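Look at the two complexes coming up: chain A is in both, with chain B in one and chain C in the other.
On to the complex of A and B.
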C-alpha cells in the first residue's frame, strides 16, 4: 500500500518538473517531440553489436537534463524501476551467442555480452529521453503536440484521460488495499480469492465512473473532439533546436566519432 | 421569460431491470425559483435529476425544460439550458488544468477563443478561485474542486442550475461559503440534498420525494416543520428547527439565536 502511494506522489512530481520555466520548457512541444522521435529512431537503427557509436547520443539527454533542470537521480530511479523489461529481453544473449568478438587482453568477450550491453544502452537512451521529454514538456503538452502533428484525436483523448484518471484510480485502489489490509488478520483474507474480488470491484467502480464522466462531458457539449486554448508557436528557436539536433544526430549516426577519435589518437602516437 | 421553466407531468421512469425509479411525478418550477428536492436514500432524487439534463428519458409522462419538451431531438438545446453540478467533482473535472476545464464547455459551444478567456476568468472570479487557474484539478482540496466544478457550469451561462448534493464532503466553513455564493445566483435552481439546513437557508420551496413519488411540495419552512410528513418520508427536522440541547431555544428564532461568527 505504502508503495502504491509513493509511486503516486512520484508521478505528480513529473508535473512539478514540467511546470518549471527554462529555455527548454519554453520551446514548442512539437519541436521537442519531433527531435525526440528522430533521436529514438536513430538509436534503434544501429546494428546489434554496436556500442561505441551509441555513446555520443548521450549528449542529447544530458543536455536536456542540464538545461531543463531535471534531477538525474530521480530519472535514474525511474529507469531502474522499468529496467527488468530490458534485462529480460537481453538476458539470454550471452548464453546463446558465445562467439568471441572482442579480446580485452587475455579475456575474450562474446557477441552475446556485447549485444546485451547494446540493448541496455539503447534502453537507457530511449526510455530516458522519453521520460525527460515528459519532465520538460508535461504530459498534456505532449498530447497536444501529437494532435497538432496529425495523430487521430481518439488516441490523444484516450491518452489524456489515461493520465488524468490514473490519479483517481490509484487513489481508489490504495483505499481498497488499505481497507483489506486493516481487516486481514495474519494471513487471513490475503489469498487470490480476495484479490480477485478486489480487482473486480475496482473494474466495476471504474466503469461506473466512466459513465459519470461521459455524462458530465455530454452535459458540456462534448462531440468527440477536445478543444483547448493553447496557442502553440513554432518560431525561430524551435527551428534552430530541431535543425541543430537533427544535424548532430545524422552526423553521429553515420560517423562513428569515438572510433574516429580513437584512430586519430593512436595515429598520433605511432 | 419562459426558458427558465421546468415542468414535469406524470413523469415516470422504470430501470431496465424493472426497478421503479420515479413514479408519476408532477411539478412546475418557474423562473428564478430555488427548489430543494429532498428525500431519504433511494427516494429517486438522483434519477429525477438525471432527467433534467436528458441523460434519462422518461418511460411515461413529459418534461419541459425551458422552451423545449425533453426528447432525443433537442438534447443539445436542453443541455445548453441546464447546467448540472455532479455530486463527485472528480467526475466533472477531467481536463489537465482548471482553466482548460472551465473552457471546455464554452469552446464546445463554439465561442471564439478570445471571448473564451474572458468567460472563463469571469466564471472563476464569481466562485472566487481565479488564482487556481493553472493548477491540475487532482491537486485541489474538496472545497476548491466543488467551486471549480460550479465554475465549469457557470461558464456556459445556463438558465437553470441543477445540483446533486452540493454541500456533501465540505467542511463547515466551505459549506457556509458555498451557500452564500449560491444565494447570489439569479438562476432557477434545483438542488437535491440531504442537507436540510441548507434547504432552509437557500430554497424557498421544497419537493419531498418518497419511494419515487412526490409526497409534498410547498414552502420549505412549512414542510420541514411537519413532523408527520418528515417521519413518513424518512427525514428529520433540520437542526436549526430543533430545540437546542443546551438552552432549549430554537436557533431559527431571531430573538434567541446567537450571532453567527463572520
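On to the complex of A and C.
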C-alpha cells in the first residue's frame, strides 16, 4: 500500500523538479537528450575491468544536479530501490572470475570483484543520468525533443497520453487496493478470483474512459496530432552545451585522467 | 527481467535500439494507415492500465508470494500486435525514465524482449491458432496461458543472449540459461494465469470487446517479412559499425579467442595495415588493459608469479588518482550548488 502511494507521489515530485527555472532547465531538451545519450554510450563502451577511467564521468551528473538543483540524496535512494537486477547478475562475477588481478599489499583483489565494481559504477552513472534528464527537462519536453529528432508522431502522442493518464489510473488502482485491504482480514480476498474481477473491472472502466476521452477530443478538433505551446529553439547556448560536453567526454574517454593524476601525485611523494 | 545498461555493451545496445526503433517506425506506419483515431486514446489509457494493474497483486496459493499481470500479452489480445507493441514500448520507456527500470541504452533490449516476442511471435503464432475464431472460454484460457509462458521464455532467453554477447557479466551461457529459463517458466505461468483471469472476466462481462480483436479482419494480414528484413539490415549495420568500436576492449571476442587459441590475441602480422591499425587501437583502447588484465596474468602458467605481475605502484596511483577525481567532481558540484534553495518533496 505505502509503496503504491510512494510511486505515485514520486512521479509528481519529478515533475516538480522539472518545473524549476535554472540555466539547465532553460536549455533546449534536444541538447540535453543528445548529450545524455552520448554520455551513456561512452560509459558502457569501456572494457569490463575498467574502474578509474569511469570516475571522471561523474562530473557530468554532478554538474547537472548542482546547476539544475536536483537533490542528490533523493536520486541515490531511487537508484538503490531499483538496483536488484544489475546487482544480482553482477554478483556472480566475483564467484566465477577468481583470478587475482590487483594486489594491494597482502590483499589480492580478483578480477570478479573489479568487474563487479565496474558494473555498479556503470549502473549508477547510466541510470542516474536518465533520472536527472527527466528531473531537469520534464517528460513532455523530452517527448517534444523526440518528435523533433524524428520519432514517429504516433508513438510520441502515445507517450504523452500515457503519462497524462498514468496519474489517473494509478490513483484508481490504489483506491481499489485500499478498498480491498479494508474489507479483507489477513490474506482474505487476495486470491486469484477476486483479482480477476478487480483487474477486469479496472480494465472495463479504463476502456470506457478511453471512449469518453476520445469523444471529448473529437469535440475539440483532435486530428491525431498534439500541438506544443512552447516552441523549441536550438541556439548558441545549446550548441555550446553539446559541444563542450562532447569534447569533455571524448577527452576522458581516451585519456585516463585519474591514472595520470595519480601517477603525478605519487611521483611527487617519492 | 529488465535488462540493465550496466550489463550491455554499446554494440548490443545499439543493435537492439536499431531493431526496436525499426519496429516502432513500422508499427506507427501501420497504425497511421489504419487511420483509426479511436485507437490512440485507447492505447494510451491501456498503457496506463498496465502500470495500474501491476500495482494490484494476488497471492499465489501455497507459496506465500504474490503475482501480477505482465503486460505484453494482454495488450496484444486487446489491441492487436501493432498497437500493442507501441503501447508496450511506451510503458517501458516511462519505466526506464521514471522508475529507472533498466536504462536508456538497454531500452532497446527491453522493448525487444518484452514487446516483440509477445506481440509478433506469441500472439500471431500461438494465441491466435489456439484460440481460433470466436473461442469458447476454455480455449481462450489455454491460449492465453501458453502464449504468455512462451513469450516470457523467449524474452528470458533473449536477456541471456544479450548479456552473454555483451561480455560484461562473467556468467557463462549455459549456467545462465539454466537459471533464467526455469525461473521465467514459473513467472510465466503466474503471469499467464493473471492474464487469463482478466481476459476471462472481460469475455464474460463484455464479449464484444474480445470479438473485435479475435475476428480475422481486424488483426489485419500480419506479415513478418518486412519487419524481419528491416531488423536484419539494422542489426548488421549497427553491429558492424559499433563492434569495431567495442572490440578494442578485452571483452567477449578476445575472451573467446583466448579460450580457443590459448592466447589473448591471435598473432597478427607485424607490418603494414595491421600494425598501424594496432597502433590506433592501442591509442583508442585507453590504457590497454590498464594494469589489470595483463597478458602475463592470462598466460596459462600457474603458480607464484600469478597476480604479482601487476605493478603495485600502478594500483596505488590508480586509487589516488581516482579519489582525487571524485573529490574534484564533488567540488564542482559544491561550487555550483551554493546559494540554491532546497526543493521539498
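The rule we apply is simple: the second predicted complex is superposed on the first by the 261 of 270 C-alpha atoms of A that agree within 3 Å, B and C clash if a C-alpha of one lies under 4 Å from a C-alpha of the other, contacts with A are read in each partner's own complex, and residues count from 1 in each chain.
Please note the rule applied: a residue touches a chain if its C-beta (ideal position, glycine included) is under 8 Å from a C-beta of that chain, and two chains touch if they have at least 3 such contacts.
Since the structure is predicted, the reported quantities are computational estimates derived from the model, not experimental observations.
> If chain A is used to align the two complexes, do chain B and chain C fit next to each other or clash?
With chain A as the common anchor, chain B and chain C both fit in the superposed model.
> If we overlay the two complexes on their shared chain A, which of chain B and chain C does A:63 touch? Say first, second, both or neither.
Only chain C; A:63 stays clear of chain B.
> Rounding to a multiple of 10°, what is the angle at chain A's Cα centre between the Cα centres of chain B and chain C in the superposition?
Spelled out: centre of chain A as vertex, angle of 100 degrees.
> Touch check for A:220: first (chain B), second (chain C), both, or neither?
first
> In the three-chain superposition, say which chain, chain B or chain C, touches more residues of chain A.
Of the two chains, more chain A residues are contacted by C.
> Report for A:209: first if it touches chain B alone, second if chain C alone, otherwise both or neither.
In the superposition, A:209 contacts both chain B and chain C.
> Taking the superposition on A as described, I'd like to know which of chain B and chain C A:74 touches: first, second, both or neither.
A:74 sits against chain C, while chain B stays out of touch.
> State whether A:265 touches chain B only (first), chain C only (second), both chains, or neither.
second
> Between chain B (first) and chain C (second), which does A:257 come into contact with in this model arrangement: first, second, both, or neither?
In the superposed model, A:257 contacts chain C only, not chain B.
> Of the partners chain B and chain C, which touch A:140 in the superposed model: first, second, both, neither?
first
> Quick check for you: in the superposed arrangement, does A:161 touch first (chain B), second (chain C), both or neither?
In the superposition, A:161 touches chain B and chain C alike.
> Considering only C-alpha atoms, give the closest distance between chain B and chain C in the superposition, rounded to the nearest Å.
Shortest inter-chain C-alpha distance (chain B to chain C): 8 Å.
> Take the contacts of chain A with chain B and those with chain C, and give the residues found in both.
139, 160-161, 164-165, 168, 209, 213, 217-218, 222-223
> Along chain A, where are the residues that touch chain B in the complex?
Of all residues in chain A, those touching chain B are 12, 15, 19, 139-140, 160-161, 164-165, 167-168, 209, 212-213, 215-223, 226-229.
> Quick one: which bits of chain C touch chain A in the complex? Just the residue numbers, please.
Interface residues on the chain C side: 1-10, 13-14, 24-25, 28-29, 31-32, 37-38, 40-49, 51-53, 55-59, 61, 66, 69, 86-87, 89-91, 93-94, 96-105, 163, 167-172, 193-194, 197-198, 200-202, 205-206, 209, 245-246, 249-251, 283-287, 289-293, 297, 306-308, 310, 312-313, 315-322, 324-326, 328-330, 332-337, 340-343, 345.
> Touching chain A in the complex: which residues of chain B?
50, 53, 55, 76, 79-80, 82-84, 86, 88, 90-92, 94-97, 99-100, 103-105, 107-109, 113, 116-117, 134, 136-139, 152-153, 156
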